[in-house]
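Pasting the structures here.
Two complexes follow with chain A in common, the first pairing it with chain B and the second with chain C.
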Partner chain A sequence: MRSKGFLFKVRKYRVLLLMLTPAVLYTLIFSYLPMAGIVLAFKNYNYADGIFRSPWSGFENFRFFFSSGQAFKVTRNTILYNLAFMLVNTVLQLAVAIFLSEIRGRRFKKITQSVMFLPYFISWVIVSVIAFNFLSHDYGIINSFLQSIGQNKIDFYGTPKYWVGILIFFNAWKAVGYGSVIYLSAIMGIDTEMYESAEIDGANIFQRILYITIPSLTPTIIILLLLAVGQIFRGNFDMFYQLVGTNGILFDTTDVIDTFTFRALIRSNDVGMAAASGLYQSVFCFITIVTTNYLVKRVDKDYSLF
Partner chain B sequence: MGKRIAVLLLTLLVTVLMISACTVRERPADGNAQPTQSQQKDQDSQTTGIDTSKSVSLKMYLLGDGAADVDLVYGEISKILKEKINATITVDFLSWADHDTRYPLLFSSGEDFDLIFTAAGWGHYEQTATKKGFYELTEDFLNTYAPDIMKVVPEIAWDQAKINGKVYMVPNYSIEYGYDVIGVRGDLMEKYGIEKIESKEDLEAYYDAIVKNETDITPLATQGIGLQYPYLFQSRGWQVVRGTPLPLILYETANPDNTTLVSVIETPEFREYAHKMKEMADKGYWSRDSLTSNDTRSDPWVLGKAASMVWNVNNVSYYAQQINKEHPEWKATFVDIAPNVKRPVNPYTNNGVAINAISRNPERAMMALNLFMTDKQVYDLAAYGIEGVHYKAVGDDMYTPLDDAGRFPAETVCNWGWNNENLKRKLYVENPDPVVIKVQEAIEKWKNELTSNHPLDAFSFTEDNVKNEVAVISTLTTQYFDPICVGIVEDVDKAIDELIAKMKEAGIDKVLQEAQRQVDQYLASKR
Partner chain C sequence: MAMKKKKRRTDILIFNITGYIVTGLVALLCLVPFVMILSASFSEEKLILKEGFSLLPRNFSLEAYRTVFEKPEIIGRAYLVTTVITIIGTILGLTLTSMTGYVLQRKDFEWRNRFSFFFYFTTLFSGGIVPYYILMVRYLRLKDSYLALILPLLFNVFNLIVMKNYMNGIPVAFTEAAIIDGCGDFSIYYRIILPLSKPVLATIGLFITLAYWNDWYNSMLYINDDSKYTLQYFLYMRINNIEAYKKIIAQSGGMAGSFIELPTQTLRMALTVVVTGPIIFAYPFAQKYFVKGITIGAIKG
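Right, the complex of A and B next:
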């Protein structure tokens, strides 16, 4: 009887289930199945024995990461950059979404939105070339300009301190258009009656934004932040590697866990050590997200993810 | 309840998928030639040879981007193989751009192929062999299936190919030098009255003249790091120990009695070199963006942005000819800043071919390789293309490219794995570029007078025991070593002290000790 109940439900929700299938399969194939590969982090992998029969090596694979004296630095960089990205991107995305929603001209609105969205489609490889043409010491646009007005050139690729700003800027440039769409759709979902009554009560535009739009967006903001927190130990490899590359001078402020691991293992291709570094990130991401979710839950149950 | 059943179904699915994934990867427990040994004994007793009644098709992976007529040429080769050993062969290429990632993937995914190009140091040899990706080539196996190769490849080459005492590749037989020369512009030398460049001082005089007088061209554009080998190592008769992480551990190749390894960063010579590089960078010999630039090594010289290029003699001569074809007025040529220092021949393992550990037909693969390396017909096809289409044979040992040579350029379609000095043809042209003659003369002189003969020239380090240390050192090299080598650090001495401190923390001493231990063991086994 029970199985009939199950099959009945499957029939009843078949369209919804069908729509869900691709996402479930995707997660299954690319997230759950490879999880078995975690064992590699504790193994001395060789081709002949494969993943499951290679000899165990305990925590040996983790040693390169912690014995380098770099573990603290790259972990710190990764977290701080991700926090900065979260903060800057969220503020900018919110601002853009609110501006766009308040703009009346339909055509202007569409064009602005498209132009802001475009960078999202540009790959980091291209962005790195654009950045190089702006920042290069010899031919860069910025330095050519500085020279033409009689100022000293700035050595961007030799000075680590500029890169915090540069990386945050390019990340925001690429992410703002895309992220603002999510907030914009959330704003569209806000009941317009609230705005109308506020207007009648004499609220000006800033008061409407401050007291209606932002509070209504809070759940969306929190969910997106929670999702971002889940990635806080992962550096955006594409971005860091393309923009900074192998320019060691800049590593103090630009080296993240992913780029460090890449450099360490590109020669030896040791999958065990790569798995160890990935596991380190995953475990800490997991701890962070569970903790954050717990804290959010304590403040307001409705805002938490699970 | 429905939920629980769904979970159960999912778990089942996962298990099934995982098990099936594992069985695909099944490999022999050891990439070893055990079964063939007993077989081989039988064959020794029958002198008639090997059973090739079953027709097999072989697959080979090569490096590079291939050429238009690869399939055509290998079709011809297949015809010969079919006749001689009842096998056909197809080839596939791992491009320069992504062979670093695809090569290990071929082995971890259990791809079905038989032969693959490999090279110690730069072509995945040590890494794949220690992870048991290659089929072990025992002496019996080689003698049975590749007797002609055994006559060609010198004894020392097999020593060089040994990883933990076992051979996994057939090394090529060619005499090459990895020694770096400096490609320069003849017109600029004439313009500034520089007659010859035979020392660092001469070279710097040339560079100084360019920095002072030219506006659109700098000495090295973005490639200042290229001076590392000639300045720091080769001009002093030093050589980096093969297989060690990056240019950090060296021995003195010019002095065969000295087998002590040295960590380069702690030598006073390194400090001197670092100061020199800083001085050069400050003078504007190369761009401050050098570490970020995506230029290839040859771009700046070929495009006329740099007055010189540092690379090994073959590559410099190749690009010099290209320049002289496009801009004859530049008079590209090359110079040697240490013309009297001894230099080692590249190890024979610098190119080679290995057999996949899970190959279905390792015996036939070995026999095919035997033909590739020693059969003149097959050798010519793989190296120069089809006679009459891609090249014209001039006598037995020379060739002239024909109009279609671009569809299968001679000696560039990764035939290096089975290079055979005895079968190689020389380029024959009516009016050769003077660079070509200069290269031939130089190499002749190196062979006769300047070849070092150090016992460690054949040694190769394996990093298995210290792989954690090596991983860290690799990343620290990019961070602390390279900036010093392109002279963009502010305070050289401070930067060196920091480099040394970081390297010590990362365990460079342990790596050095391990390398020395392997060296001593290697030398003891030679006695």
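Right, the complex of A and C next:
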């Protein structure tokens, strides 16, 4: 009976199902199949035997990953960078959005907004050229300036401590245009009547922003922050790899889980440990995303993923 | 009353001045690096070596560009690869995303929630880069295949969600009327939903285009043959190995191995300019759709 109903529905939906097939196959092959590959974290992989016939190694890969001290370092870096990005990006984008919404000059507004959007469109390869332009020891504009005022040059590419600031800067630089648009559109959605009555009550512009704009934006801010928290175990590989690359001197302050996994896989060909750190990351990502999604749902159901 | 009015004017004035300064500075910071690269690319190599990069071009020179265009087919090849892959990827990706989004928003499709979860689940948990890489290289044998540049960026759930949410906003009455008229499921998609979804198609299309255009990661993972490098990876490889690039140019450009005389720093910058060029010209047009897309995503995310 049930199977008859099932077949009937398959027939009824045959066109819709056919239209879904490419995406379903794609997702099966490129998302679900690799999930089965997480067994690699417990294996001693060799190319000839492939994923499933390579011998088991128990928790050997994990032991190696954790005992080398790398696990702690890359986890710490990943989380701290993401927290710093959240803080700096939110404050900067919010400030820019509020200023843009209050500024009178239409042309100025349009031009600055366009210019700020420019970094979003370029690849991280080009950002790395820009970074080199600023930071290069021999030709960088910062060192040229330092030299011209009689100061010593700074060896940016050889000094780990500067990179926290550098990475936060370029991350903010690339995201400011995109992010401020989100807040700006949320500000545009605020009921103008509120501002009008505040005006009548004699509120000044600072009070207006503090008591109307920011409270109205709070749900948006919370949701964007929660979504970012969900990704806290994920490092932006593009950025870290392009700006830092394989410059091992800087790894202490710049290595994140993603870059570590990549190097273990491609450079040192240690598939087992790469798989172990990858699985470690996936599990924590899963936990944080499910948790934050639950919280997002409580703030505003429309924004939750499922 | 007069007092109050005056007070209000000063606070707005202060706020506006701060606003102009802050946004102006941020915008300037976003622009200056591009000016610097452009300046450096038009400068004389000798001066850069002596005094470093500067904001404005010094001793205007075209030697870097002459070097790049000494053998334009090298960079032309990367341009061609990226252009073709971007076009194919965008068309296929847009078709896949819109078709799937359409089925998932059909309210009379009983299994839509189950299928939605099937797709959404992949954003929660992933096998990670290692199994993915082995799948691509060992099992699908895509090393040095153009497919390795197209497939990874073809379809993603974020775009699917934006697409589906937009289509959700199209009144069901359109679909219902079409069903009554005897319109098939595919025709409803093709003739009714797609034309009504032009804004979101433009937005998602641009998201996909940008992802392909700026991709260097898949080239790095899967491509060894340098005639198949995408533009961004080409730039990355050449900049980090500029001497090899100079050698190729010198050998084929009839400069009889005098590659040492070719510029290095300004050549890097000229290459970057040539790679960035199209984006700078295209983005003001694209920006409008991005803003729209972000707004769609932000409202119904």
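Quick note on the criterion: the second predicted complex is superposed on the first by the 213 of 306 C-alpha atoms of A that agree within 3 Å, B and C clash if a C-alpha of one lies under 4 Å from a C-alpha of the other, contacts with A are read in each partner's own complex, and residues count from 1 in each chain.
Everything below uses one rule, namely that a residue touches a chain if its C-beta (ideal position, glycine included) is under 8 Å from a C-beta of that chain, and two chains touch if they have at least 3 such contacts.
Everything numeric in this text was worked out from a predicted model, so none of it was measured.
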{"item": "Touching partner for A:Glu60 - first (chain B), second (chain C), both, neither", "value": "first"}
{"item": "Partner chain in contact with A:Ala95 - chain B first, chain C second, else both or neither", "value": "second"}
{"item": "Touched partner set for A:Phe52, first chain B, second chain C, both or neither", "value": "first"}
{"item": "Contacts of A:Ser268 with chain B and chain C, given as first, second, both or neither", "value": "first"}
{"item": "More chain A residues in contact [chain B versus chain C]", "value": "C"}
{"item": "Contacts of A:Arg76 with chain B and chain C, given as first, second, both or neither", "value": "neither"}
{"item": "Touched partner set for A:Tyr32, first chain B, second chain C, both or neither", "value": "both"}
{"item": "Contacts of A:Lys110 with chain B and chain C, given as first, second, both or neither", "value": "neither"}
{"item": "Touching partner for A:Asp138 - first (chain B), second (chain C), both, neither", "value": "both"}
{"item": "Which of chain B and chain C A:Val176 touches, first, second, both or neither", "value": "second"}
{"item": "Where chain A meets both chain C and chain B, residue numbers", "value": "9, 32-33, 36, 45, 47, 50-51, 136, 138, 265-266, 271"}
{"item": "Footprint of chain B on chain A - complex, ascending", "value": "2-3, 5-6, 9-10, 28, 32-33, 36, 45-52, 60, 63-64, 67-70, 132, 136-138, 155, 157-158, 244-249, 251, 255, 260, 263-271, 273"}
{"item": "Chain A-touching residues of chain B, taken from the complex the two chains share", "value": "1-2, 5-6, 10, 13-14, 17-18, 21-22, 25-31, 100, 104, 107-108, 124, 127-128, 130-133, 245, 287-289, 291-293, 357, 463, 467-472, 474-476, 478-483, 488-489, 502, 505-507"}
{"item": "Complex contact set, residues of chain A against chain C", "value": "9, 13, 15-16, 19-20, 22-24, 26-27, 29-38, 40, 45, 47, 50-51, 92, 95-96, 99-100, 102-105, 108, 111-112, 114-126, 128-130, 133-134, 136, 138-141, 143-144, 147, 173, 176-178, 181-182, 185-186, 202, 204-206, 220, 223, 237-238, 242, 258, 261-262, 265-266, 271, 274-275, 278-279, 281-282, 285-286, 289-290, 302-303, 305-306"}
{"item": "For the chain C and chain A complex, residues of the former touching the latter", "value": "4, 7-8, 11-12, 15-16, 18-20, 22-24, 26-31, 33-34, 36-37, 40, 48-49, 51-55, 96-97, 99-100, 102-103, 106, 109-111, 115-120, 122-135, 138-139, 151-152, 154-155, 160-161, 184-186, 189, 210, 213-217, 221, 232-233, 235-236, 239, 265, 268-269, 272, 275-276, 279-280, 283-284, 286-287, 290-291, 294-295, 298-301"}
